[in-house]
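Could you have a look at this structure, given as structure tokens, before my questions?
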Amino acid sequence: MKVAILTGGGDCPGLNAVIRAVVRRGEQHGLEFTGVRDGWKGLLDDDTFRITRQNTSGILQLGGTIIGTSRTNPFKRPDGPKMVMDTVLRHNIGAVVAIGGEDTLGVASRFHEELGMKVVGVPKTIDNDLSGTDYTFGFDTAVTIATEAIDRLHSTAEAHSRVMVCEVMGRHAGHIALHSGIAGGADVILVPERPIDLGDVVRHIRARQRRGRRFSIVVVAEGAKMARSKEATVSDSLDDFGHVRLGGIGAYLAKEIERETGFEARVTVLGHVQRGGTPTARDRVLATRYGVFACDLVKEGRWGMMAALHGDEVVAVPLVEATRELHLIDPKLFEIAEVFFG
Amino acid sequence: MKVAILTGGGDCPGLNAVIRAVVRRGEQHGLEFTGVRDGWKGLLDDDTFRITRQNTSGILQLGGTIIGTSRTNPFKRPDGPKMVMDTVLRHNIGAVVAIGGEDTLGVASRFHEELGMKVVGVPKTIDNDLSGTDYTFGFDTAVTIATEAIDRLHSTAEAHSRVMVCEVMGRHAGHIALHSGIAGGADVILVPERPIDLGDVVRHIRARQRRGRRFSIVVVAEGAKMARSKEATVSDSLDDFGHVRLGGIGAYLAKEIERETGFEARVTVLGHVQRGGTPTARDRVLATRYGVFACDLVKEGRWGMMAALHGDEVVAVPLVEATRELHLIDPKLFEIAEVFFG
Amino acid sequence: MKVAILTGGGDCPGLNAVIRAVVRRGEQHGLEFTGVRDGWKGLLDDDTFRITRQNTSGILQLGGTIIGTSRTNPFKRPDGPKMVMDTVLRHNIGAVVAIGGEDTLGVASRFHEELGMKVVGVPKTIDNDLSGTDYTFGFDTAVTIATEAIDRLHSTAEAHSRVMVCEVMGRHAGHIALHSGIAGGADVILVPERPIDLGDVVRHIRARQRRGRRFSIVVVAEGAKMARSKEATVSDSLDDFGHVRLGGIGAYLAKEIERETGFEARVTVLGHVQRGGTPTARDRVLATRYGVFACDLVKEGRWGMMAALHGDEVVAVPLVEATRELHLIDPKLFEIAEVFFG
Amino acid sequence: MKVAILTGGGDCPGLNAVIRAVVRRGEQHGLEFTGVRDGWKGLLDDDTFRITRQNTSGILQLGGTIIGTSRTNPFKRPDGPKMVMDTVLRHNIGAVVAIGGEDTLGVASRFHEELGMKVVGVPKTIDNDLSGTDYTFGFDTAVTIATEAIDRLHSTAEAHSRVMVCEVMGRHAGHIALHSGIAGGADVILVPERPIDLGDVVRHIRARQRRGRRFSIVVVAEGAKMARSKEATVSDSLDDFGHVRLGGIGAYLAKEIERETGFEARVTVLGHVQRGGTPTARDRVLATRYGVFACDLVKEGRWGMMAALHGDEVVAVPLVEATRELHLIDPKLFEIAEVFFG
């Protein structure tokens, strides 16, 4: 049987480790593989190439994805789904392994349910906000990179007696901010799940000052928003949901903290470096486990399922599980972070 | 209440993170803290000092342990237990938080059961071989360091067309070898749980050679032993259990592989660097969770219990659980590693 | 003799290594040391404390500066110089070791020449733009951090077929951009010394595209400016010198490249992480050499001199040398970078 | 013109960066390139393959060498030189770029002088012991890896109140020990240039103990040897030159220190990890400069010359310069290290 592999959505450390693992396990199962260029786009455009043990050798530790990725959704154009199925037929593709996040797996799920595509999934999201699985690969790498940056910011904060605001990834959920904030010894951590009360932030910073700590580290998820004040309308800088209109929440916070406290504040926006480069050891192991498991799902014909981590076990869950709801931070972990606030 | 904290056994990245977390949580609970120098030895010798939020500030990311450690077991001398209890009384110590492995927690458990010491535990073992908990802090750091080393050895192996044998920690269980071997793309992984069949190792290396791969990476746990040959007595270099008498299993293997295959083989023994230095982000989070939880156990008077990780939850288990049996590698994970052998 | 040590200007990896080295060498010379808090500000405010071998132990590898830093210039207030000299007299300070950049050393030079202060200097600038010395500590660390970031951006650039613009430090000189660009394999490097010709940048990116390379990495120094077009006035976004008015050169370039080429472009601004955290091995060695040498200058009474690196030798040059002119990039090194453009 | 490239001797981070730079510069000069497999061996065995911009793309940051290396010396077999020259003629090779250390460049020099081969060289030695050049690529990477290891050993040493002996590379010269020892804050540094006086080592460790420092770090080059005692014959463990007969100088020292001081001592032998993996930013820049320069030497027909670093300039020196004498450590730098002993 010929199996197509595609990677969709934002890139993520560990994608290549999954691809390699699928191919190596597939060799044991007697499967052949086709790489689809740039996610679902490659099936739309009929852009595929053979992938083998040889051309996936040595990619375990590489960031990015050797088969490319895109955010193309074939269901967004009228003839898209048919074009994709035509490519599948033309190349005699017996199954598709789709590695991606909410969008990519959502498309996979629709192809499976509406057009009978034989598809299995591997969940991927650097933000770790997919439901159906406890952790996704790439997350540990992002947390590691963010923590190293926070470690570095500490020395500048201390040397200059500054408040350093570090904006990390996390559009809808604050997992990266929470984990890197705990690991980096943040004095305040701000996440999308909890609207920001500027007064609280200021209180923590002032409490430190009183104890002789002349600097503070604030870690904020890019998707965090300001709480809407009860007694007054929010600032013009914010939209109705409390999101900053221009320039990012980190820069906004630094400015507001400086205004409220009189302490010098600076912002660092980590951005794309959080999702690039070699995966951590843990992400390589997780990605490898997912890849082997996904290939077993193909072998067993368990279409419409994806690999997922429950506790320390890799298990099969329906594709629709991944996108059923947002996986938010654990309130108990946030309470642990709060022990160290201020 | 005054609470004593001690760290025993081999040092391990994350010990300071636990200490800091216990102290910070304790501040919320109104507790005071005494650091015990060098594990149980400090209670024997009455060598303690006050630890506070101030002198545990900034230690989250430091390797080692600011209160020192040793392998001293007070039960090994007749008057030991009494001397320890005297120190406890003299300083009006209301509870002891013992952070350590099999030995340290075993001693804690005996003090609790035999002499009524009010003790809670935090499990620590870089080898991850304690039962009662899925993971211990320090393990992820050790795996990370070993994986980075294996990454580096790859380029030398390939440039020189060599077999590189990398000996990692793991006296009784092969967790570090297994995880770093998967993460580092090892071609063979050898663990204490499975006696080594040299013929198998050679077969994998030769199979690679036939496919044009002129180098191989072998990861071996320090505690791995040779299988006893059926048809003949084992070599003089081995004891009755298959352990190498002199010089370590890595060096033995390199020599045997070179002899059997004719390929140049070299050994690297990672040693102490695996247990030193700053903990990974993941280990800092886990150590912090353990520390907060252990302090809560003190607050709640749950003596004889220790913090443990089950799946993604920190829970309480009896101290005796930690030392009940050896936590060996998961055979399913080893099967995943085997997909990539040869 | 009592010697005061101060660190001024932006923080820089290696400051603590210099302080430690001055103190350790000073112990051999029979000197005592006073740490001045927050640069020249500490001498204005009489904010000093004793530093010894004990409280500078273990700081070699720490980023930041344990004595704090600021940009305060005592010559900017009428009574400033007198207040500083009063503090010096009051505490019987026999010499001052000033560690800093253009501003800090400029102030040191004026105190020496105008008020007879016994001062020696250690040059510090992360941008490496001080004259009088080939290299300054902190520079290698900044280049290392920037290179690691560029490595990470490569995988994202490749996976998404994007142009990634990476903005690094370098207000007046492009050393960091040039070194990290060469080390990171940048396809275009833009520095303050050479006004940016957008057409050239676009040509390099298009040339890559024609050879099947679907991504490009552009490294730009924060101080780089656009060339002023001959035939037309520059865009409203730029001032008369070609500097971007709002939002930084990196963001401006990404937008312009996307507009001109149609390729997706993204910007990453590395910011403060480049100057924080543990120094590289090379910077620790250089900082240590500078510290020992500066202490020898004190011992020998060579006031008004500073440590400098010429080739591989640490030598003494007059303080005024450091600020005589800007140390710009070597055109021959830029030509080497150009070999790899496009 | 067709130019052959070969890499000989031990592998070294930066070899691939040199190869890439030669090829990219050569494209500008209109040259074509042939990769010789495994050093001089490939010219003996006629084992070569075309290398181009395409197959050297993306190798800048890779450790090892994509063309392989060996220690084969064609002059060691009677027909060797003729076989090599035949291969050169057969493939119409107009010039050879030899990248290697004492042996490889010595062979290159003989081929140039005795058989008229058109050869240019690039010096390579991780130990930095080649004369004719101030620094070689790979050295900074080795120092960086060794320093990271020493940083890690510090926490174990301190936690356990131990003496940690760290054995690093350096057979004939102590550059790596000296630089990593200074950078890592070693309490004693031992190099081949200065026979080891055990009494001195013990004195430094005891002096620390008296000042309350319960641990020490000893960094020793693998080629260091014991001083021969005047009043007595040296131990049976040593040969006539003071070299340890079995097991390495690190292990010997740890045992002797433990015996003399009663303090627990442990050894770590870093071994092959020092020469593998991705080069530091600095080594990538240096290797790139060497590669571009060597290609220019070819273009200009300056046969028998090699690239070298003098101060901060890359210059041409005769191949014979590289092997004229051993490049030993700078006594002035050792004196700086001694400031921190004990």
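Every chain is named by a letter (A, B, C and D) in the order it is written, and numbering of its residues begins at 1.
The rule we apply is simple: contacts are C-beta pairs under 8 Å (C-beta built on N, C-alpha and C of every residue); 3 or more make two chains touch, one makes a residue touch a chain.
Please read all numbers here as calculations on a predicted model, not as lab measurements.
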item	value
Touching chain C and also chain D, the following chains	none
Most distant chain from chain B by Cα centroid	C
Length of the line joining the C-alpha centres of chain A and chain B, rounded to whole Å	30
Approximate Å spacing (C-alpha centroids) for the pair chain A, chain D	41
Per-residue overlap in chain C, given as positions that touch at least 2 other chains	151
Contact pairs between chains, per stated definition	A-B, A-C, B-D, C-D
Contact set on chain C toward chain A in their complex	7, 10-11, 13, 15, 38, 62-65, 68-70, 145, 148-149, 151-156, 158-161, 164, 266-273, 275-277
Complex interface listing, chain C residues touching chain D	21, 24-25, 28, 57-58, 60-61, 134, 140, 143-144, 146-147, 151, 179-180, 182-185, 213, 278, 280-282, 284-285, 288-289, 292, 310-312, 330, 333, 336, 339-340
